[in-house]
Amino acid sequence: MSDGLILETRGVSLSFGAVVAAQDVSVAVRSGEAVGIIGANGAGKTTFVNIVTGYLKPDSGRIFYGGEDITPLSPRDITRRGIRRSFQIPQLFLDLLARENLLIAIAIAEEPSPSPWRPLDTASRRAEADAVSSRMGLEPYRDREVRVLPQGVRKLIDIAMSLTGRPRLLLLDEPTSGISADEKFEIMDRVMNALKETAVTVLFVEHDMEIVERYARRVIAFFDGRVIADGPTAQVLSAADVRRYVVGTEIYRRAGAVGEANAVG
Amino acid sequence: MAFDRTSLLLLGALIATLVAGPFLPAWFTFLATVALSKALVVLGVMLLMRAGLVSFGQGLYYGIGAYGAGLAANMLGIRDAFLLLALGVAASAVVAAIVSVLLARYRDIFFAMLSLAFSMIFYGLLVRSAALGSTDGFNLPPANFAGWSPVGATGRSAVFMLTAVLAFLAAIGAHRYLKSTLGMIGEAIRTNEIRVEYLGASVRRAIQIKVVLAAALAGAGGVLTALAASHIDPGLAYWTTSGEFVFVALLSGTAHVAAPLIGCMLFELIRTFAVQYAPYTWQMVVGASMLAVIMFLPGGLWSLVRMRLRRTA
Amino acid sequence: MQQLIAILVDGTVYFSWLFIVSLGLTLIYGVMNILNIAHGSLFALGAYMAAWVIGAWFAGGLPPAASFLAFAVAGVAVGAVLGLVIERGVLTRMYGSDPIVIILATYAVFLILEDVITLVWGLDPYLAYQPYALLGRVQLAGISFSIYDLGLVVTALVLAAASWYALNRTRQGKLLLVVIHDREVSAAMGINVRLKFTMTFMIGAALGALGGALSAPGISVVPGVGVDIIVLAFAVTVVGGLGSIPGALVGALIVGLCRAAAVHLMPEAELFVIYSVMALVLAVRPQGLFGRAIARKI
Amino acid sequence: MKMQTLLGLLVAAALAVTMAGQPAAAQDEKPIRIGIVTFLSGGAAGPFGIPARNAAEITVEALNAGTIPTPYHKKGIGSRPIETVIIDEAGGTTKQVTEYRNLVQRHQVDLVIGYISSGDCLAIAPLADELKKLTVFFDCGTPRIFEDAKYTYLFRTGPTATMDSVGAALYVLHRNPKVATVAGINQNYAWGQDSWTDFRASMTVLKPEIKVGTEQFPKLYAGAYSSEISALQVANADVIHSSFWGGDMEAFVLQGAARGLFANRAVVLTTGETGMFRLGRQMPDGTILGGRGPHGVFAPDNALNKWFRPLYEQRYQTPPTYPSYKMVVAFLGVKAAYEKAMAGAAGHPTDEQVIAAFSGLEYDSPSGKVSMVLGEGHQAIQETAYGVFKYDAEKGATITEIVRYPAECVNPPNGVKSEEWIKGGFKGAKC
């Protein structure tokens, strides 16, 4: 793979009418990095994730994954190439059991074209599913319908699903949002440990600066769809305009929330 | 995994039915034949519903199956029931494979209406084709079974046996399918397609296969109905027929593959007795019992069975 | 030339009829996301009611001119009342459950009403020709058209204008648009969605019955008169885009003209022209001409 | 084992109900159970199904009481009282096949009389022989029944639709030999399509230079015909043929009349007789009406008609139309055959004896002579008649200028298919 770069975006721009969701975004991520993506609501963090994973197509610019241009690919093909993501709002199969959610994730990763005959629930898969869920501390919820589980638990299942299928690049969209303050570190620890074993590159969108400081060795800051800072965590977090536009000024651009909603919806 | 509890239950039920077959009154045997062949169609409708798709056009494949068999019998002189079945099923599966390319892009009511449109175009063609007897349709000669050609009552019970075997085996197959990876992806599609795609599976493919499977089942049902009634007409493809399938599917409940079999039996019985004892208001009787089920048994009739299972368990 | 005029006039007449028949259906779908199969029996009910009123009216020797008002009002009234009954009696218990289940519930209601109607009005066809004959005919390019049919065109346009005004210029209407746009939000904003639903269903039902009432003088009212209306109205609304009133207008126009053309140029195609149009439109534009495509927020 | 127990329960329930369903026969003679199938719901019930059922009621009562004029004055059928089971014909052929089997195998009827829809007739026909049950079709029109197959237990006392179209053609030309163009509006299903095909073929045979205008085929039960009426006006033919029936026919007449379609051209309604009294003065004078045979207003003035017509009229406040007559014709046919067989046999005849007596039978009815000559003696022919509608201030709806066509003139000879017979120029027709 070209000089260790796993992900590279070149001049990616996307706008919805007046709302500029991404503007000439160019970032390069080396494999093995742990990158935090920060920015106020509407700054274009989730949009960035959606563009990289193919859910949104940029007006201009290209996305390269391990040197391959994946811009035109569908989320499915991109996933198949080893990029996985979790969601700000958990995207689960509500009327199935937590375990079934994981089993499906695992099985799809195993079977490129799933069989209409071979059963989903095999011993090996079940073992893997249970392993993942225990790593995320989900044992008590395995046999419950997702519909009845609290948001925090759903969040964990959502992340657990994104961990299956041995991803090479993992994009976590606000992994700790909706999780109580006293649990957030525990969860991030679990995730990060899970990742250490398999050298996965991870980008995580985060509002919580404590999390960013603790788990990101590099930070990319967005504002109005632009990258306004990119570098070592401490350096970026101390940068003046980052402090002004991002850190601790959640309220500053609440108005933008609408923008983000449309941008994704 | 060989056979789980459900499959064994169904297998047992099949054997029981085959044993009971000869002792059932003739009229009931016929009613059961029709009911079970419709159950095949309803089974397909149920498979689609498991993925949140409702087809108001299964009459298309039901009709294609029946007409496929009918034409093969009358024009090509094919008499063998198994061959006719193969032809009918193949015909409807092929058509479904083509139609599904378009259908797979649609969801909810649009899926329903588009499938309805296709079935009604087919209906229109049949009505316009004087060669096929237009709305009067045409009769089928009695079929033979791998050389053995029974007549009269024996022939009827042969068709019944064939239908029963197919219906139950189809149910077992459907059960297996629903537990398979693709089947579970179907379940997943019902609540969150995007995640399915984000896990790397093709929603389109899953749906297309489902549509073809359902069509094949409907085709088989059509052939068997044709063999049982020895007559086919465009009514098989009319939208009210398709509506009835959806109706019975919901009535039976989509929770279990045995539900369509039971549901269809009950529906046919309710209707035939309604026709006898309320000749002027049988629609109302049927409608009212439906409404009752929908409102008080949201899980369909199957939820009754489930309750009993719980109590016994 | 003569044929072209005939096609245009017939198409317009058929369009107006289709629009009147579909309006209620699309309204209910737009607001409540319910595909109301009982719409067919509401049509039938309106038709029978109107036929019956007209019969009594002329038998009673009342002023013929007023009969138009009488049977229209009768239709609307019976529709609204039955709408209330259905919504309160059946649908309220089902909100939130799978939309398909609700569709099936309305199908059950349809089956029941079919027999109720024959119990009330019997099986013989009802003739309510007086208003139709009363207005006489006009000559256009050597073809005589019924003024009553042409009157339908006016009625349809009036209904279209009225519904547009009601939705965009009245407070209640604007609130309804909010409900259509986002049910949750509007509920959060303190709009009484439940009440809106009841109102909408009553209006939609009334419109369905009105469609039947207006058709009654032209047709002979027989059992099962409503059955095909369902599919027809569905087709029109789907072509135009479910839940969109301009959609229903355009859908009706397209279907109407296509059918008229078929009748004049290739009668044998009449049976499936409507479904072909529907399939074509959907193939090109999945959500219908005026439908909104909804993407999921992730 | 759930299915098994469930099936068991179902069967048990079903049987229990049927047992309860059996009315006890109190008469000394074993009653004869007759299954009657006719439309009790849907669009065909009003114009056909109910009139037929009413006629059946009257006839059964009269037969059991023995109040029908000679030769039918003896009580019941072969002095056996009649019991009936009435079934709705609506619901499609598959359902009808199921119900027919229920009649034979659950209700144990001795014979079945019924069926208005040709589709149902085609589906039931083979069953009659399979279940060896005497079955009499009274109304359905398609000639395919006995032209495409032979049946032993099946009889049809109603003539085929062929003579309706042929008769219409003959009458049209009789009234106006100078006819140059014909147009048609028929329902888009087998009945409408066949009627038009036969009529057009007959016209072209009788007048080869005839031109055919537009051929309209609106949906069954369409109800509104404004576009079709315009198309007919554009075509501007001398004659318009329509086999519309029931509500569709009445709607077409109302809309057509309102738009002057009936003025200055001849409109033939082959089943118009069923609607003439309901439409009254709404039916334009000069419309050519048929009644699918010598029924209703076309019925002869014989003793049986003198018995039937007033009786029906005072019971149901409306004159009987052709479906009523055809039902009576079916019952009387069965009685005649049964009693003829009885005369030959000791005690009650077997089905085979009845069949032998029925085939080729010639008997009298309120609509005149019925001869079972086609289909090896299983298919009836009758004369047919057409006339012109005239609304009379005192008498109300009337038919004038009636012309009767002998049975052998408007029906093919035995063994000849209607289609070929017409195309071949009516060979062997005795007019």
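Per-chain residue numbering starts at 1, and chain names A, B, C and D are given in the order in which the chains are listed.
The rule we apply is simple: a contact is a pair of C-beta atoms (placed from the backbone, for glycine too) under 8 Å apart; a residue touches a chain by one contact, two chains touch by 3 or more.
As the structure is a prediction and not an experimental result, all values here were calculated from the model.
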Query raised in the report: If you tally the C-beta contacts for C-D and for B-C, which one comes out higher?
Result: C-D
Report task. When you average C-alpha coordinates per chain, which one falls nearest the overall C-alpha average? Tell me, please. Result -> B
Query raised in the report: Cα centroid separation between chain A and chain C, in whole Å?
Result: 49
Report summary line: Taking each chain's mean CA coordinate, chain C and chain D are separated, in whole Å, by 36
Query - Mean-CA-position distance for chain D and chain A (Å) - result: 75
Report summary line: Taking each chain's centre as the mean of its CA atoms, chain B sits from chain C at a distance in Å of 32
Query - Contacts with two or more other chains, residues of chain C listed in rising order - result: 115, 118, 227, 268, 271, 296, 298
Report task. Two or more other chains in contact with one residue: find those residues in chain D. Result -> 40-41, 188
Query raised in the report: Considering chain A alone, which of its residues make contact with at least two other chains?
Result: 55, 87, 91
Query - Partner chain B, residues of chain D touching it in the complex - result: 1-4, 6-8, 10-11, 13-15, 17, 21, 40-41, 85-88, 91-95, 97-99, 101-102, 104-106, 118-119, 122-123, 125-127, 130, 142, 144, 149, 188-191, 193-194, 197, 220
Requested in this report: Would you mind writing out the residues of chain C in touch with chain D in their complex?
Outcome: 2-3, 6, 9-11, 13-14, 17, 115, 118, 122-125, 127, 129, 132-133, 136-137, 142-146, 148-149, 215, 218-225, 227-228, 259-260, 263-264, 267-268, 270-271
Query raised in the report: Which of the residues in chain C come into contact with chain B in the complex?
Result: 35, 90, 93-94, 97, 99-101, 104-105, 107-112, 114-116, 118-119, 227, 231, 234-235, 238, 242, 268, 271-272, 275-276, 278-279, 282-283, 286-288, 296, 298
Report task. Please give the residue numbers of chain B that touch chain A in the complex, ascending. Result -> 1, 176-177, 179-185, 187-188, 190-192, 194-202, 205-206, 209, 213
Query raised in the report: Can you list the residues on chain B that touch chain D in the complex?
Result: 9-10, 12-14, 16-17, 20, 24-28, 30-32, 34, 127-128, 130, 133-139, 152, 225, 228-231, 233, 235-236, 241, 258, 261-262, 265-266, 268-269, 271-273, 275-277, 279-280, 282-283, 305, 309
